[in-house]
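Same chain, two partners: chain A is paired with chain B first, then with chain C.
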Partner chain A sequence: MTSHSEPKAKNPMVKITADGKVIEAPKGGNLLKALLDNGVSVPHYCYHPGLSVAGCCRMCFVEVEGQPRPLISCNATVTENMVVKTQTETVKNIQKWNLAFHLINHPLDCPICDQAGECGLQNYYMQFGKYESRMEEEKVKKRKVIPIGDHVMLDTERCILCSRCVRFFDEVPKTSEMAIFNRGDRSEIGTYEDKALNNNYTLNSVDICPVGALTSRDFRFKRRVWFLKDIPSICPGCSTGCNVTISQDPIEKRTYRMRPRFNEEVNGYWMCDYGRMRYKHTHRESRISTPLIKKAATLIPTEWDETKHELFTIFKTPASQISVLITPQYTSEDITHIYDFFTKTIGTQNIFHCADSHLASDSTVTDELLFRRDKNPNSQGLLKISAHYKLQEQNLSLFQQKLKSDPWTILFIFGPHDLEAYPEFLSWFKENNSLKTKIYIGTQVKHQIPLFDLLLPTLTFIETEGTFVNFKGLSQKLSRGVKLIPEAKPICEILC
Partner chain B sequence: MTPTPKIVFQNLHIPNIKKLAVYREHGGYTAAQKVLKETKPEDIITLVKNSGLRGRGGAGFGTGMKWSFVPKDAPLKYLLCNADEGEPGTFKDRILMEQIPHSTLEGMIIACYAIQCPRAYIYVRGEYTESIEALEAAIQECTKNNFLGKNIFGTPFSLDIHVFKGAGAYICGEETGLVTSMEGAKGQPKVKPPFPAISGFNKKPTVINNVETLAVLPWIILNGADNYKKIGTEKSPGTKLFCLSGPVKNPGTYELPLGFPLKDLIYDIGGGLTGNLKLKAVIPGGLSAPVLTAEETMTMTMDFESLAKVGSMLGSGGVIVIANDQCMVDLLSVITYFYKHESCGQCTPCREGTGWMKKVVDSILHQRGRAEDIPLLQDISTNMMGGRTICALSDAAAMPVKSFVTKFKQEFEYHIKNKRCHL
Partner chain C sequence: MLIKRPPSYHKLFFFRGMLLGMTVTLKHFILNLLRIRKIPTIQYPEKKRERSARFKGKHILTKKLDGSIRCTSCLLCQTACPARCIKITPSEHPDPKVEKFPISFQIDLLRCVMCGYCEEACPVDAIRMGQEYEWADYSESSFIMDKEYLSNRPALQGGVISKVNS
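For the complex of A and B:
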């Protein structure tokens, strides 16, 4: 991913002084970025490091020695030995007034606004404003609650017309659905009449909206942001491995949203809408919430102790009759544990993987930006580990052949967390074969049909610490969030 | 009164001067031919620099200086003639375009040769249908006679000029607003740097000159920089077109040397105020120029530096006379409406400030005013000025407000205190 405004880091670093502090910044680079990167607090709305410079919010004024008057730092370039002042009375006055200009027609409906708690207007008012409003006139009324796509809700009254969303759709997915219509204080953000906002990147506009003008229809009115805890993780939606931040309510034990986390090498500042919705399969209602065992052709809830007993019996079967199938939706650590356990403790070589070696390293994207055809987050990891055990040839098609020919009686299935990636999954096991017992380890509730004999709930990517290896072979860490299903167990505790 | 030299209006009285043949009979295109056949491009830039010619669109930037910013080695560059005359109180460029279109075209040939640009556009405001017709007819005649097109006058220099019709937005008269409009986008100024001389129309180096500025060029070529400098003042050489409007006996557009006394413009040339009206104030340089009181008017001379000294400006030369029967609050309400309507809405201080000022002025006008509204208007306008926005529209909107509530404070106070107009 390239960021539009910043030259590549090849520019030599030079020293500049900001508020008396000497900092280093790339010569010719964006001054505002240099200040922000070095922890100098400069208010800004329209500037975004992943987009072109608009210079319209007029919040980022600084004084530069030798310049006759204050200038906007987002459109200034770093020069050697420049002396920047962000705290002069002139600058403070500009910040205060320009914030006031932003707020005079703002509805101030924070109590019902989802942005409250992470709003640029609220934050800057506390940091740079704190003035008594002198606006006594009637505010400009504008359109509210406009669904402009499957994922995005627009409130033009809250909008501060920073144009980030417009520039995003023009410059990143290059779909150009949005524009600013009308002029002056009647200006309104919106979509063109013939264009719905339904590309695969619409929710990025919600992330970069500094106020509550664009809100996520998924997250709207669900949870106040100050109840949420952010966990750095990796998106499990495809082989790209976009870096994400997951927001969970740790008390309620629920996941509320997934947003991109900057990684220049992988996803830049963005991620796709498909990926964002991958948190949904971590919800309680779509999960296997307790171990299940088949009795009299129906699955009934059971205790882990009883399943242990079952497994103990199963593992007494001759190793040659035990087979294993793994989907590439588990962390490398889990996959290693599975291979280790079955090759060493059980002593079987009948371990098969569902990773498509061709797809796994396919770098082409299906939508010109980030989304890749392999809807598994860890195909590369699974392939690497299977190769380590010299079992990389044992792929899905070989499994399907052998399922018909080999006298297996036991099958362990490490199922997908994301069923959208495996629409045909269940049909693989419906055919006639010699299997007597099918043990399903996974998370998704759809598998609760009496096709399996034992279902063991494990953890999703949000509840797991570990590694995913993306299509480029880049290993990326997942952090452990709050455990959402009390009964679910990590793989290492199930296989021991 | 000394006879005033005529430069851009020198042939105005000649019948059919808009015809190429008539224009040529009166010395038309000799300057352009002389330049293309005998002069090096850089020498023209030097000549125009030496003449001290300052842009006639409003900002008064040195024309030669503006040209010199264009990179010489750029393969493609543009000259855009700014004919989006929109500053209220200004009606000078239309006379040039309607009556003597060839002088603008000749000026453009000279300018394009100076900066070595093969293609030029005239951005005419859409309402100026007569100007558009006259320019298009003149371009056609020129093209037919090889005064435009390939190898003009048999020289290696080629130039095409096209007319581009604007859609009537005030902001498109701002250089970069004009450029975005020509690029097919909504007319909105662009953030600077880069300046148009480096990256303008279609991201190519672009010079944007006002109609009057270009129309002066043939005279300077033929008469020399020194003769030009003899007219006007030291820092504001030459003549200027002044558009006199308001309740005066002889409103109209007059070409006068810079430094001309404003009093004489109103009372001698303009014939004074109509009826028994008395002078109250003058807006000297188009609507955005800070207002002058009657007292200031009596001693003012019309040049860039004198007006700047009292905090006003020469601007586009639109002199609006205001008489004692005019309520200044009422007038400011109209002025603030104009800027609120024309603000492009891009920069926050301008977008929000123009609307806010209009509402506060209307509150005062409609007897809802509060004592604190006067300092409020002063504060809003002050904080919209001085480079707080991408372009100067914000300043243009703020300056009238600031000057009105400062210089005619008593009228605003009267409205607030007595809940009625003093008139």
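For the complex of A and C:
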């Protein structure tokens, strides 16, 4: 991802010994990375595999045989037959009293800190610290609760000056917005005159912050992290398909945040702020909560049994009068089921898709890092499946033409989960005399709601298992989380 | 299968057991009637037993010296609670030195098992178990105590001030 990424295949693998265990590592590579990759735990704050080496936290000390004194492993290179010891008394002592230095001016406001539960200071104190503080001086007070940008909250008091955020903005989005100001124990991180961070990657600095100095304003005070369960998934925000971890509370049945998951081929360690906010449209309050049916020109909530009965009568109409429109926000499995059901069980060929074949394979990024123009996660998957059924030519513009000319009476719309990706969705849609029944299957619908005769709630990307195909044609798996709407049903249960 | 039963006249022997029981009853009756043994009867609604200082009764939310609520809504009591009876909604405080405070704090007394784990888990002495134990009521909804009731109910006479960490 960055220019500082590790040298890969060109370096020969050599054997080194760490705590008596023989491991293989690339010669000349980073020693700390080699140790961490092979399951040897070494405490560290300032080292991050996606960033350059700073060597300022002084936590990752190890002893190497033949070296006169302990050295920081993040700045050491792997050499053949080196013998590394991470558990000696000297190393443990260094880590313990180094941590004491880090905590000298730390405010210890864990009860109000959002990082509590996944904080580097808490974890390492319990693992390596456990000392009695010998500090007699007053703690240095610094500024707290400074909003920098729409997504990040800064607390300079909690900072341990690892400079990960500073290096992140220097190296990844290359905006260089953060820096360390002042000297000595008054040093603090920040932006110049507390200017707002203005790029699409600000929340990555919150992820890489090992303490609670940078916290997310979106997640602020929402939930303590130990209540959350992590689900590996794929971001539905654009065609890049960044690998993410979704945090859900299984008891409250609510999603709280999305964070990047490492995948070297797709997104590295990062993801954009736009993508991170995509979990919001899965909230209960913005979704269709029950099936709705139109009776006497108003939509009223109904039971699934009644809608099943209604669908059964609809499917009895001649197949040529049934038409279908699919948006590329469903998993490949769902799309296959839709095509399979309408071509084989119903026997209609009027299946249209909203995927733009030029946009879907467009590999240019709008912000020179990850974000792509196509705001659909599965355009490629939809195009591939439609090609398999030989219906790839039936796109949105053809649908709009045929809507005027063809005598369709039934229209199924598989709507987008994320309305921000389709601000204009169905704005061209007008009342048509020949169309008698319009059925909307989806999770969200806004101003177009009076158009439809039947609205059926289905599941979002968080609640379904399946595959998204990204712009490169790479299939990636989504895992199923907690079902957020009890009344919603998967596509395969609605169409059966 | 044949089961050998005792002969029918055996059931007349219950008189012996009954008389033995009656003697025990009679003994206690006489001992108490003549006040030979002094049993500690308390005339309950008029007189009440003294509780130990460690008694775990109805919860109290303590206050700071300035009268605001001490709880920082760290949710540790909610985490420790085995009955899941505590529900806290944290919110942003306008004062950056306070930063976080509970905008709502509810305890469901019907779920509570009076274990006192919340009191132990609290890092700032914000929740205590009080002395009250009489809370019979007519409707279930009246057992859900809110922030105002927990910190300011009439029985607390203006609330409890905690001086820990202040």
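Side notes on the structure shown:
Convention: the second predicted complex is superposed on the first by the 483 of 496 C-alpha atoms of A that agree within 3 Å, B and C clash if a C-alpha of one lies under 4 Å from a C-alpha of the other, contacts with A are read in each partner's own complex, and residues count from 1 in each chain.
Going forward, a contact is a pair of C-beta atoms (placed from the backbone, for glycine too) under 8 Å apart; a residue touches a chain by one contact, two chains touch by 3 or more.
No experiment lies behind these values; they were computed from the predicted model shown.
The larger set of touched chain A residues comes from B, when the choice is between chain B and chain C. When both complexes are overlaid on chain A, the residue A:Trp226 reaches chain C alone and has no touch with chain B. By the touch criterion defined above, A:Val145 lies against chain C but remains apart from chain B after alignment on the C-alpha atoms of chain A. Judged by the touch definition given at the top, the superposed model places A:Cys110 against chain C, while chain B stays out of reach. Contacts of A:Asp194 after superposition on the shared chain: neither chain B nor chain C is touched. Using the contact criterion defined above for the overlaid structures, shared-chain residue A:Glu136 touches chain B, although it does not reach chain C. In the superposition on chain A, contact of A:Ile160 is made with chain B only, not with chain C.
Of the two partner chains placed by superposition, only chain B is touched by A:Cys57; chain C is not.
Touch criterion not met for A:Asp305: it reaches neither chain B nor chain C. Chain C contributes residues 72-76, 79, 90-92, 96-97, 99-100, 123-124 to its touches with chain A in the complex. The touching residues of chain A, counted against chain B in their complex, run 53-59, 61, 69-72, 75, 93-94, 97-98, 101-102, 104-105, 134-138, 140, 160-161, 163, 179-180, 182-187.
Listing the residues of chain A that touch chain C in their complex gives 109-112, 116, 144-145, 220-221, 224, 226-227.
Residues of chain B that touch chain A in their complex: 169, 186, 191-193, 340-349, 351-356, 359-360, 363, 370, 372, 376, 379, 383, 386-390.
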